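Each structure below appears as structure tokens.
Shared chain: subunit A. Partners: subunit B in the first complex, subunit C in the second.
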Partner chain A sequence: MTSTVLFYLLSVVSIVFALGVLFNPNPIFSALYLVLTMIGMSLMFFNLEAYFIGGVQLIVYAGAVTVLFVMVLMLFDLKKEKQAFTKGLFSSLLKYFSAGALLFMISGASLMSMGLMTEGAEKAEPITTKQLAALLFTDYFFAFEVLGIILLVVAIGAVTISRIRGGTHAK
Partner chain B sequence: MLSSMMMEVGLGHYLFVGAAIFIIGMLTVLMRKNVIVILMGIELMLNAVNLTIVSFSHFSNNVNGQILAFFVMTIAAAEAGVGLALAVTVFKKFKDVKISFFEHLRG
Partner chain C sequence: MGSDIFEISVNAVKIVALFLLMVQIVPLLVWVERRGSAFIQNRFGPNRVGPLGLTQLLADAVKFIFKEEFIPEKGRAFIFYAAPVVALLPATLAFVSLPLSAPVNVETFEMFGQSWGPYTFQFQGFDFGLGIVYVLGVSSLATYSMLMAGWSSSNKFSLFGGLRASAQMISYELALGLSIVGILILYGTFDFKTMIAAQQGALSFHFFGEMVTIPFLPNWGIFYQPLGAVLFLVAVFAESNRLPFDLPEAESELVAGYHTEYGGMKFNMFFIGEYGHMLVASALMAIFYFGGYNIPFVTPEQLSGFLEGFGYVGTTNSLMTSFLLHLCMFLKILFFLWVFIWVRWTLPRFRYDQLMDLGWKTMLPWALANTIITAIVVFVMRM
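Right, the complex of A and B next:
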């Protein structure tokens, strides 16, 4: 019962704040709405008994990534944008229509698969972090190491890209 | 039938929320001009996919799904870093971060 109430509350909160990211013309407010959306999603992970993923979501997204966004926005000193959205009535109508059609199709597919997987077929105890760690350091060890290398490459690449003066006529 | 569907939160409910947030992220990418807000839209889409993966993992009692969600999160953080570095480059050259400036960023 608590989980049901929590699900509806969190889903409404997440969707409303995600709409805030979409429709607010000021990028700073978009970033702050993004933080609230991420917190809502992480609580939803807690509701799904994925405690480790929820905690990582809270640290990585709501902590690190959105702080990075806000810091870059502060660096640029952007004001409220006069034209935050793309031009063209026809193309925006087409975009909204195609997004609506996609949502309709996905929700139709998930509605049809509603009865396929029900909770409590054999309700085992929730997945623990210990299980997760054991799997990560045995079966997925190679992927884990590759991920470390990717992060190193990205760190070097980000520094290199932001030092480029830009264009073919760079001095 | 409808009330029982409302009361018992199953896989479909989570899939619907994931789809809604994914669509909102997609619309953010399509509609906005600011590069940083577009990156936020990409983050929303990745997060919605994560919600879908974790809900599948929960309802089928499968540990592998959570590992996949963990990997997706790491890749998303890396992608945000590179994207913001590109945004800094665009800003240094054009003093604004519109997506249409990217076509002038050769070399």
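Right, the complex of A and C next:
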């Protein structure tokens, strides 16, 4: 009962914050709304009794990734970039295309997940952290390693770009 | 929260009491900090108002409350007001989840013509079974208060302070997270109470299949993880923005950093947040490396048996055991709080590039090495 009420409350709050990310004209307010959305997501995990994932969501997304977003946005004055992204045929095409693709993916995902929850179904046992780790290092070992390599490539790429003379603004 | 009204009300009162414990220790710590700094620098410190200058705190509190409200002209009012609140939240949420003593067992008793069943009350606000992951997750949100304060003040020194704070906290969070992996491998759990239970009695460990016991040392984490303990201590200094890592508020460069434009109670809330972080860090240090609420060489069962010898049984016995263990925990916490103050008035501030070098080029590799070596040693010793 309590968890159902909390679920709807948290969903509404998270959706409102997510819309705030989209519709706020000020990039810094958008980023702060993103933080609140991430915290809302983590609370959803806590509500679903997936405590470990909720905690990791807090550490990684709310605590580290979005801090970087907010920090970088505060460092720059983003008037020119905002203008550059609002005008132009190519960028508007890109925008419409990506919005359409996202909409397609979201509707597909929600269509596919309908009917998964049946009435009166037994509640699954919450997975402990040890079971999670065992799964990660046995069944999903390949995916785990590939993700690690992708992250390594991204890190090397970032260092390489920053070492070019003039940084990202090199001509 | 609980099954009946008694359990629910006790748990609710407990959370409020733990919050008040955190908030009310701040004025005393401010007094200790001012008197201690004076002692270190061969001065007197506040000694005029009341006995030992203790009522100075009351005067300060009144001054904080009655100060003028002020918002910078071009500042963002909402974020400017929100930042101090956000500063207080993470420390509070983290502190309330720490176990400060052994659980209290209450036996069946009669009240209001009704029988109330046996209860077990944990000596902590709440417990997800997540332990350190929850504490790290919540306290990583503390960065936002500094960023929000720095940006909404529309003052370049404030903004510099906020940006420095976020860069520093992200950098040191990595070293902090890695420095405790060793102790997590050793105890094989995230849960604080299991860790504390593993640190009872005298130092004893498996050494190639044999049990080795050293009777004159307590079974504390620091004897297994000395490097981890040092790295953890340095990283929590950086995380709570205390000297020698207080670059976000370096007064010789940035006036007062991110809280330059704050005054009165709003400034005080940043202060409480900082002391709250110190409190959480000291408690974590005690739990990980100094046996938590264990009295050295004495297990809680022995203590309870000792008290039984004086005729205390049942609920009274459990309450007294818990209280004595809590006293022991708090002595450890107070010692580390004093270390925080002691270091602040002893060491000079780092330069910014030195700070980043220390974080990324020294502490991170050492923490990684500590993790790998601990993993190998634990694997070999337990074969």
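Throughout what follows, the second predicted complex is superposed on the first by the 117 of 171 C-alpha atoms of A that agree within 3 Å, B and C clash if a C-alpha of one lies under 4 Å from a C-alpha of the other, contacts with A are read in each partner's own complex, and residues count from 1 in each chain.
Throughout what follows, a contact is a pair of C-beta atoms (placed from the backbone, for glycine too) under 8 Å apart; a residue touches a chain by one contact, two chains touch by 3 or more.
As the structure is a prediction and not an experimental result, all values here were calculated from the model.
Visitor: Mind working out whether A:76 is in touch with subunit B, subunit C, both or neither, as first, second, both or neither?
Guide: A:76: touches subunit B, not subunit C.
Visitor: So which one touches more of the residues on subunit A, subunit B or subunit C?
Guide: Counting residues of subunit A touched by each partner, the higher count goes to B.
Visitor: Between subunit B (first) and subunit C (second), which does A:93 come into contact with in this model arrangement: first, second, both, or neither?
Guide: Neither partner.
Visitor: On the A-aligned overlay, A:156 touches which partner chain: subunit B = first, subunit C = second, or both, or neither?
Guide: So A:156 meets neither subunit B nor subunit C here.
Visitor: In the overlaid three-chain picture, which partner chain does A:16 touch, first (subunit B) or second (subunit C), both, or neither?
Guide: neither
Visitor: Touching A:62 in the superposition: subunit B (first), subunit C (second), both, neither?
Guide: Once the two structures are laid over each other on A, A:62 reaches subunit C alone.
Visitor: Return first, second, both or neither, reflecting whether A:35 touches subunit B, subunit C, both chains, or no partner chain.
Guide: second
Visitor: Is A:52 touching the first partner subunit B, the second partner subunit C, both, or neither of them?
Guide: A:52 contacts both subunit B and subunit C.
Visitor: Identify the residues of subunit A that lie in both the subunit B contact region and the subunit C contact region.
Guide: Overlap of subunit B and subunit C footprints on subunit A: residues 52, 56-57, 64, 68, 75.
Visitor: Considering only the defined contacts, which subunit C positions touch subunit A in the complex?
Guide: 79, 128-130, 133-134, 136-138, 140-141, 143-144, 147-148, 150-151, 159, 162-163, 166-167, 169-170, 173, 177, 190
Visitor: Which subunit A residues qualify as touching subunit B in the complex?
Guide: Its residues touching subunit B are 3-4, 7-8, 11, 14-15, 18-19, 21-22, 27, 30-31, 34, 37-38, 41, 44-45, 48-50, 52-53, 56-57, 60-61, 64-65, 68-69, 72-73, 75-76, 78, 81, 83-86, 92, 95-96, 99, 102-103, 106-107, 110-111, 113-114, 116-119, 122, 124, 127, 131-132, 135-136, 140, 143, 147, 150-151, 154-155, 157-159, 161-162, 164-168, 170.
Visitor: Can you list the residues on subunit B that touch subunit A in the complex?
Guide: 5, 7-17, 19-28, 30-34, 36-37, 39-41, 43-44, 47, 50-51, 54-61, 63-64, 66-67, 69-71, 73-78, 80-82, 84-93, 97, 104-107
Visitor: So in the complex, which bits of subunit A are touching subunit C?
Guide: Answer in residue numbers: 28, 32, 35, 39, 42, 46, 51-52, 54-59, 62-64, 67-68, 70-71, 74-75, 129.
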